[in-house]
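Right, I'll just put the structure down here and ask away after.
Going by the order they are written in, the chains are A, B, C, D, E and F; count residues from 1 in each one.
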């Protein structure tokens, strides 16, 4: 009960501030929190990154190993993104099988990278229909303060950019590692996800936990280097007007362009 | 507590009626509810049926695909029946792993079709010990008003009768579909399951939910076209006298013969 | 609440006795309960044993069958020990997935046999990297009265000693059984596990359930025929002094030598 | 690979770019459910059943201040080309969540504290756009159950095929086309309550696609309304 | 393939058509269980242990008006030719259910509201007819636990092998024979509390098979009684 | 196969027999956790976070007389050479248990009846001795959370490599060496609270190995203390 009243008071305070174009942490509505990216943090992985988006913190590792292709997709390598919220990241998270929230998080991160075709999977085939390279991008949230969608997405993209792909030779249908030879992954574009919350009539970028607790609805839009919109997910228990949806796409493009610059340097 | 008293009153009323040879829905003791069968309801499946047995309703779909044979059974195709009660079928059913009741339901339906050898599995071998045709018969109860055993069994038989078996050619141990060529499944006999409830000293055919709630014991007997008894399952927390068991077999044969005529038309 | 007070009274009584070098069942501190070993109790298994250690009773069966080797371990056969506490063994055990206690039990039994290299796994290879012999040693506790570690370990060792290894021939990479030809397993040493409990300042061997309920910490040490220490596991919510740990190793060697004689006769 | 569109703008199933597939909805098809609907939407065949408001099990999920909505989207093993394992996949769990969030704004949950409304959707046969069709059936089933609602929820996808924005993506277009954008709206309130996008759109295409989808939703709404009217107001006429 | 019967009607294990396999039952073999029994029935080796009446966990399963009976039939990994995964299979879950329902009519549960009686059966080595043997041991274990019972439950299968009705199907006959019919009775009450059939029987064979099985059950009953007598009334004599 | 030691007693990573690998510990690295620590111990990179004392869910796990300690040791999918399935393995469950039992003697749980203290350990990159490193970080995180403790817990392995007793086994030595003995102590109380051994030691080697490990634990303790001092007493100095 108490928490509800406090939530409501907080929501009123947040809306009060939004009316004058401000947020409780001092940001403007379309301003992201500072993003710190560090790569190579897990030297034993093929690629890795640790990112901080405000107080939200994510570590992502990339593992690359030979695999069998999916049936009917024998001309493509495999790329799988997962995400989990570690129980040390948040007092409300309990160990156990993934909740629907975590499944959505992982699938949205995955689609952002998949739908932009960031990695040219055709270049990851060893022998068509038989043997391909699999890229596993596993993200762990280690400190949760809102907007896990963008945080996991940025960490995944950074880890992918940082990775080196080992070389495999195939003999008798069995792939074996060629020591000492690696290449960069075949990157075609840089997907940047931008998550927005609607609180009342206001659209704010990169919500904190506090803002998420009183938001009406959520929107995550991923754009590519060419300025196209490639993946989108609405969340939350309320809706958007069509005008707000146009506005969201404009914000995603504009904010995405800024953030993409930070990633360009990692290439 | 209340429900118990009402159950008991209902049971008294039901027994009262049975003494005069009647049931609460007006049927005679060995009378089944009307059975409606519609096939081809899921065009994308290889076979399908939707049946109504009174207010109980089941949809069954058949999927046919190449598979590896079971070890030591390399000269037979695969046939697997499953059953589930959808949560929309019954307010008491919850989503989740199958309960023991549902596992029994599926296994009894499966044995009824398996033990009568309705399908000649020897005709479903592509390459002995290596590649066979698998037939998966999945039943979903969509409205539950008693006697799910017969309802799922009838829907499974009807779906099997309606199905077309695609043709596969095997090259290099890999089976591939031959487009546009199909055959009827190798049907040898028509298994008909008849489920009875014992309430006091009375044996009634095709119990409704209401009757099942106050039955003492349950008996499901499956017969084949030759008038043999091929599978049987006693259920419930009370027993039968040997005389009642003979009576049940006679009812199953007699009622089964009537119902089989409805299926003969589907062949 | 009550049970806590009774536990405490019992602990006081047990410590009182220990001060005068006695235990509640009359044993001296380093005295094991009588160990009865019977082998061949499950004729259909490749090896089996039923052991009683006081009132603790375990049945172990060995199954031997061809398997694929673990990756990177293509020059070794497979050996896996499991353990479970049947729900009929103990009123506090419930059916379901294994608890952390049972997982620890199984892993400690497994390591005792694995780390002593009791079985020469190199002799269990059929075709290197492709086909090996797998030995599965499954222990079921059927009556639990403390010291399940030693009881499962003894039953596993006895079942292994009693087993006959079938002969397999490999044709076209598929191993097939050669009827009527068997051999003894390649045993190199006899691992003997000795479990001790610390209660106050006293180290006692082979604790009963009653003693385990009031112990401070537990120590399991496995030694081999050459008098070496090969596996060790500390348990329980308190610690040991370094001196106690030396004492434990001496007890384990000394008691182990006695018990090993009982097993020598099984070879 | 299928040719998805002729030069004249005719799609692989014969439709024009702004045609809906055939849609039919039947209300009140199940006896046990408090409300139910069956929809055929192209090749989709989907059942929806609603129970509630009723007691929550397990009890700790109940909310003292409001009713809660639960939703399960499930595919029958025979609903797709390869037999599907009956256990819920991650995809089904995600779709269950977005459907729930698309319905929540329309359902007046505050009136039923400590209770749950359960929406069960079963996809008997799947085609492109099954989540939209499921949502259309679920909204009608909620209305059939007599649950107080602010508005219906009407869903329809649009997408990009052969470089053109088209309404109501079918299975081939979903798999081989360029973009798929499922959308749901509350047609009278004017809010979008479900929206996803997979595929690449320019900002202009995005606007056009959204507009096209909303147009489709409004046409679906008329079909939903008609189905409800048929059950509740025209039984005497037949 | 084994020849299941000689021309003289001798079965593959040397028995005549109406012979039981060797059966021995020991009562009270476990210390911790409230009641227990160990049965060897042909090559079957099965332990049964009973706990209760005791408190129910989880509590919501308790019934205010009656005690409940729970039953678990489980096979050891080493009990069958191929090592069995220890997790319960669908077959084991079904058999647990039919065993429970076969015992329920015999146990006076009404006397113990809000409690549970747990019956745990472990098949250490499996042969044909393991569910009957399990039931025989479980019934004796319930009696050993001092649970009030209307009657014992005695089980034995009959079947059809080489076109003849035979008593007490063994493993080879189960796998290569024509029919297997496990039956359990309350021998004094005269009711059949478990019955299943896999295989093809004419109506006449059905009657004969049932009669044969019931005859077997009665002979098993004598062995159960003797085992209980030995523990409870003849300890002084030995 | 790696040569694990040169004739001069230099190990494969350049250390002498009684050298520790590089160890660094940072305290208070997480915002949400009540206490936290990050350790690099050789190639191990491990995070520990502590919550509590707090209410226990599910409630029936709570103890009226004392607080309880729970511990989860978990490895990230990317922490080892082959990608690891994120579901907890049996190895992880066992290590969670021995870590919990190693910490319990140090934590004053009696002061917090009906509550739980949760220790979550995440191995981001694994090297030899990850359970010791995890324990070192966990003990520091407990202190950082302000949990009353009798003592810290300090852990370090010793082992046998190329017939010599060496301190602080790395990954290659763990996999190809002769013995690995992880040990944890309460350094001031003087008790060993975790001890395991895999591998073959003579009784003399056993004593020497234990002594070596305890020596290592004491040096780790100094590093743990320094890390805590840095956070709590020297923030002004920097």
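The definition used in the following text is that contacts are C-beta pairs under 8 Å (C-beta built on N, C-alpha and C of every residue); 3 or more make two chains touch, one makes a residue touch a chain.
All figures in this text were calculated on a predicted structure; none of them were measured in a lab.
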Starting at chain A, fewest touch steps before arriving at chain B: 2
For chain A and chain D, chains touching each: none
Remotest chain, chain A as reference, centres from CA atoms: E
Centroid-based (C-alpha) most distant chain relative to chain F: B
CA centroid of chain A to CA centroid of chain C, Å: 48
For chain C paired with chain E, centre-to-centre distance based on mean C-alpha positions, whole Å: 32
Chain E and chain F, separation of their C-alpha mean positions in angstrom: 52
For chain D, residues that touch 2 or more chains besides their own: none
Category of the chain touch graph - line, ring, star, complete, other: ring
Direction chain E, origin chain B - full chain order round the ring: B, E, C, F, A, D
Residue ranges of chain F touching chain C (in the complex, touch as defined): 64-65, 90-91, 93-94, 96-98, 101, 104-105, 181, 185-186, 189-203, 206-207, 210-211, 214
Residues of chain D that touch chain B when the two form their complex: 30-33, 36, 43, 45, 47-49, 51, 54, 57, 72, 74, 76-83, 86, 88, 118, 120, 122, 124-126
Touching residues on chain A, where the partner in the complex is chain D: 1, 4, 100-101, 103-104, 106-107, 111, 115-116, 219, 221, 224, 227-242, 245-246, 249-250, 253
Contact footprint of chain D on chain B as seen in their complex: 41-45, 48, 55, 57, 59-63, 65, 82, 84, 86-91, 94-95, 136, 138, 140, 142-145
